[in-house]
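Take a look at the structure set out below.
Letters A, B, C and D mark the chains in the order given here, with residues in each chain numbered from 1 onward.
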Amino acid sequence: MEFTHLQGLIAAPFTPMHADGSIHLELIPDYYALLKANGVTGAFICGSTGEGVSLTLQEKKAVAEAWAACSKNDPAFSVMPLLGGTCIADAKELAKHAQEIGLDAVSFTAPSYFKPANVQMLAACCKEIAAVVPDMPFYYYHIPVLTGVGFPMYDLLQAIDGLIPNFAGVKYTHEDFMDFLSCLHFKNGKYDMVWGRDENMLPALAIGTKASIGSTYNYAAPLYHQLMEAFEAGDLLKAQALQQQSIDMIRLLGKYGGIATGKAYMKLIGLDCGGFRLPVKNMDAVAFEQFKQEVANLSFDSYCSKKPAVAR
Amino acid sequence: MEFTHLQGLIAAPFTPMHADGSIHLELIPDYYALLKANGVTGAFICGSTGEGVSLTLQEKKAVAEAWAACSKNDPAFSVMPLLGGTCIADAKELAKHAQEIGLDAVSFTAPSYFKPANVQMLAACCKEIAAVVPDMPFYYYHIPVLTGVGFPMYDLLQAIDGLIPNFAGVKYTHEDFMDFLSCLHFKNGKYDMVWGRDENMLPALAIGTKASIGSTYNYAAPLYHQLMEAFEAGDLLKAQALQQQSIDMIRLLGKYGGIATGKAYMKLIGLDCGGFRLPVKNMDAVAFEQFKQEVANLSFDSYCSKKPAVAR
Amino acid sequence: MEFTHLQGLIAAPFTPMHADGSIHLELIPDYYALLKANGVTGAFICGSTGEGVSLTLQEKKAVAEAWAACSKNDPAFSVMPLLGGTCIADAKELAKHAQEIGLDAVSFTAPSYFKPANVQMLAACCKEIAAVVPDMPFYYYHIPVLTGVGFPMYDLLQAIDGLIPNFAGVKYTHEDFMDFLSCLHFKNGKYDMVWGRDENMLPALAIGTKASIGSTYNYAAPLYHQLMEAFEAGDLLKAQALQQQSIDMIRLLGKYGGIATGKAYMKLIGLDCGGFRLPVKNMDAVAFEQFKQEVANLSFDSYCSKKPAVAR
Amino acid sequence: MEFTHLQGLIAAPFTPMHADGSIHLELIPDYYALLKANGVTGAFICGSTGEGVSLTLQEKKAVAEAWAACSKNDPAFSVMPLLGGTCIADAKELAKHAQEIGLDAVSFTAPSYFKPANVQMLAACCKEIAAVVPDMPFYYYHIPVLTGVGFPMYDLLQAIDGLIPNFAGVKYTHEDFMDFLSCLHFKNGKYDMVWGRDENMLPALAIGTKASIGSTYNYAAPLYHQLMEAFEAGDLLKAQALQQQSIDMIRLLGKYGGIATGKAYMKLIGLDCGGFRLPVKNMDAVAFEQFKQEVANLSFDSYCSKKPAVAR
């Protein structure tokens, strides 16, 4: 089966929350408008950034429906939910739901509690789920730092090729460029290899990446558009400087406690998505003030995503 | 809050499945009768052995209800479900359900996708769930080899003591005897420390363990009763030989592909619980025949659990 | 080849250093006298505690010669050097030297930079070195936490049995009691299994350990003698309390920065062995005062090793 | 102190061995001639590829002297020995020796048995050794996959800057492009960042790498020269294809057992460097024939290094 390859910047949206931890569904149209206004071409929802693992099945469906409502008449914007990983039965139910509400593709990551013993068992999991939605593109989400499952994707492609007709490609959130390039070249680029490490976009472009999925495209899409333009124009020094700018932003995630820092960036651009659920730690007010100061020193304003001038 | 400490052998039951992978609920009364007939004092359900992570929320509830129906009038048999770990909201719903159907305690393991940044965040997760069922004993399930979360439990007890009134103790599936002994001695044995490594029961008895939860107590309870008796009688040589017998059985799990081997042992004692769900690999027919032969060489018949003579 | 099995407590001595980091060889007779006065039956020199990896070849020879000079007429005291691990050629030279100066046994640990690909390659390393001293007992030193090489020793025994006539056993510094018990029972106890985790001596005694090598036997031998006596007398509660006392001492190693804390304990009993070499961090004066206070709260004086009343 | 930055391809030579495992020093002039004939600009000797950890101190000196004899009148060829890592005293002695025989720079990697507790302790190790040769450029060799020491180099640069005047840079054998780019930009490129992952040269060029050290430059330098030329010319498709060619070669290392495969490649180009020492496994004759066939399928002949036409 041939699917259109993804292109450009795809955001992995945060799941908006109210102060009490319930989901703030009403914010999703604003979120969609923000992404559109900043040239983002799609949304990878309920993934790591979207806290899929911390949501109930019903909540994941509700989030998916809210995004579907925004994008259903927008062929230039793809929405793909992460179906989960550990519970195959839930993943199948969510796949069917994604199809029913008209999403564009589905994605699945490795079971991380019981880890597959080999790449064939991982392929068997993919096959069982993909078979439920045979007409939808199915993406494997490779993120060994969180799942602890680190098979080379080149091995997975070999295990899957010919086995799963609707297998479309891999969201690749790992640093193995040797593996990634081999996958890009697998059967003349048959599969869609989507880069998932925002801090390494430039080296990934050099080896042929055409699409990227990441969390910082939520709030700093203009920076990466400039980076891609500089790269296309052959201005590597400029591209390197922009990548350094991206790294300086991302380094603050490490300093301020990890993934929840992303929602702090969202506050700064004016789309308050609330906090992360447990077990993730959120910044307290004091840390947020210090964070804000550091971000100001990074000239974040010049590079950050801008909300559309007119409210929807 | 003071709870009665657990005693003796507690099984971590397999979740019985039909050939098509659906849950075989009707087998649970036979399962309960088997455990009772072999001196087992409780069941830790929907844990690792019980494939909790591979079950849907509704399936977990159905399994819990089936066990509750068996044990509700049996004060000598405790049933404790694992509520999960990664999704706190689901864990809270399952805790409430456990209380409604009359289970004896609840258990929770560490979020393993987003891992808690420190022991205080882990304690915060426990607190949020335990608060939903303030009158039920709440156990933390420590199994770093699967969750990747390896804080010393001595640190968790210090973080939790005074914070969670219904915290009852730890199911400890790890080999850190220094940590375990320190927990046993914490505030003069305030918390219930339940040993979770069947292959190391003897060294655990020597440092003061009173209760154990494990998967091999499903099918080899008599072996461990003999081991405990030998230990109590001061006959260490005999206890060591019995522990070696246990190890020889457990080594076959490594040889035949892991956790699914346990269900193969169940077939041998006559309680066919079906296979494991994906991503776990089940033995094929050829491997099962070879396995059966190896088990015969271990004199498994002398030590295995026996089904009650009269059908229920 | 049949060798006498080791018995009782064997210390892993610190290598005494002057303030300038050079080796304080003259202290070794006092060190030997201390160990003898406290019922220690041998010394495992230039191991982890002895900083073998931080010593030059000539320094290792000098340390070995100093211990040989003390113990040469003492059949009740065994001295065994660690020959190293990474450079096989050096290990062979040190083995020959150990034989020439009359040491009792030799030991070798896994290459930790290039790690052996499988247990057969590790056995091949052992064989090449053991062949140089065919009449000396050869021990493998298993310490995966430092070498990163974690093959089960049960597998190594199977690979080595029949291959290396002078293979005597394993110094086992790891927590895998299942593996350890299997090795103890291998061919009816053919090989000498020496326990290397002081904080877990009691559970190791319960499964049949007869000899232990450790760093805390340098400065707290009386504690462990009492522990072994309580165990022999069947007084497990007392043995558990003494093991807890040992753990409370060992926990300070974690708190005060690791292995160098051992030399701080040596200062407290009056045998100043100086500091550790780089890259190990030594306690500064402020930390040492705080450490001293904490140790006083542990009633260390009641359990510590005592220097002989009369100077040699 | 300002040193000239390294440029182009620097080989990490294998240490040539006779069939009996002794060092084949007489081959080193041929080796030097081979590298020169293929445009290689330097040699990083006694590193991982050079089996430094498996050589005695005297052997390392002998190897260094043989390379010094070749290159002493060649200002266009830099020779830098790895001094080791674990034993600081040995590293200091080798540093002095390197200076005496006129080598160009020295290098040191992290202690891997006792690992430094933090980046400050690692900086202290570097400082102690660098101080012995204050006029020589000192490089840190970052290879976490072998040492297990994975501090970000950006942190090391901050700890070292101002502390070690002759610190020159880092040989970076790791995949953290975010860290690497940050180091390249540290104080406007003050330090020399040398790329050490041959399979990822193209992405590293894109972020600004000017020099690379690797093992495959021993036998396939022309391939990488073509890759660098294609990159300079802006022909990314060609550069990607050449990088894929490099990956296909490197993948055989994984398939045929690792680092010793490199010496098999050397046999194919006509410079037989013998085998690796224990614990590394060498290919047997059957595997070598199969390997040869696979290499032939890769058109290795078109890309491999060529021996100079006239014997020296």
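Heads up, the rule we're going with is that a contact is a pair of C-beta atoms (placed from the backbone, for glycine too) under 8 Å apart; a residue touches a chain by one contact, two chains touch by 3 or more.
None of these values were measured; they are calculated from a predicted model.
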| item | value |
| --- | --- |
| Greatest separation from subunit D - chain, by CA centre | B |
| Inter-centroid spacing, subunit B versus subunit A (mean Cα positions, whole Å) | 36 |
| Rounded Å distance between subunit B and subunit D, as computed from the means of their C-alpha atoms | 51 |
| Junction residues of subunit C, two or more chains touched | none |
| Interchain pairs in contact, sorted by label | A-B, A-D, B-C, C-D |
| Complex contacts: residues of subunit B adjacent to subunit A | 48, 51, 53-57, 59, 86-90, 93, 110-117, 121-122, 124-125, 128, 146-148, 257-259, 277-281 |
| Subunit C-touching residues of subunit B, taken from the complex the two chains share | 175-178, 181-182, 184-185, 199-200, 202-208, 234, 236, 239-240, 243-244, 247, 250-251 |
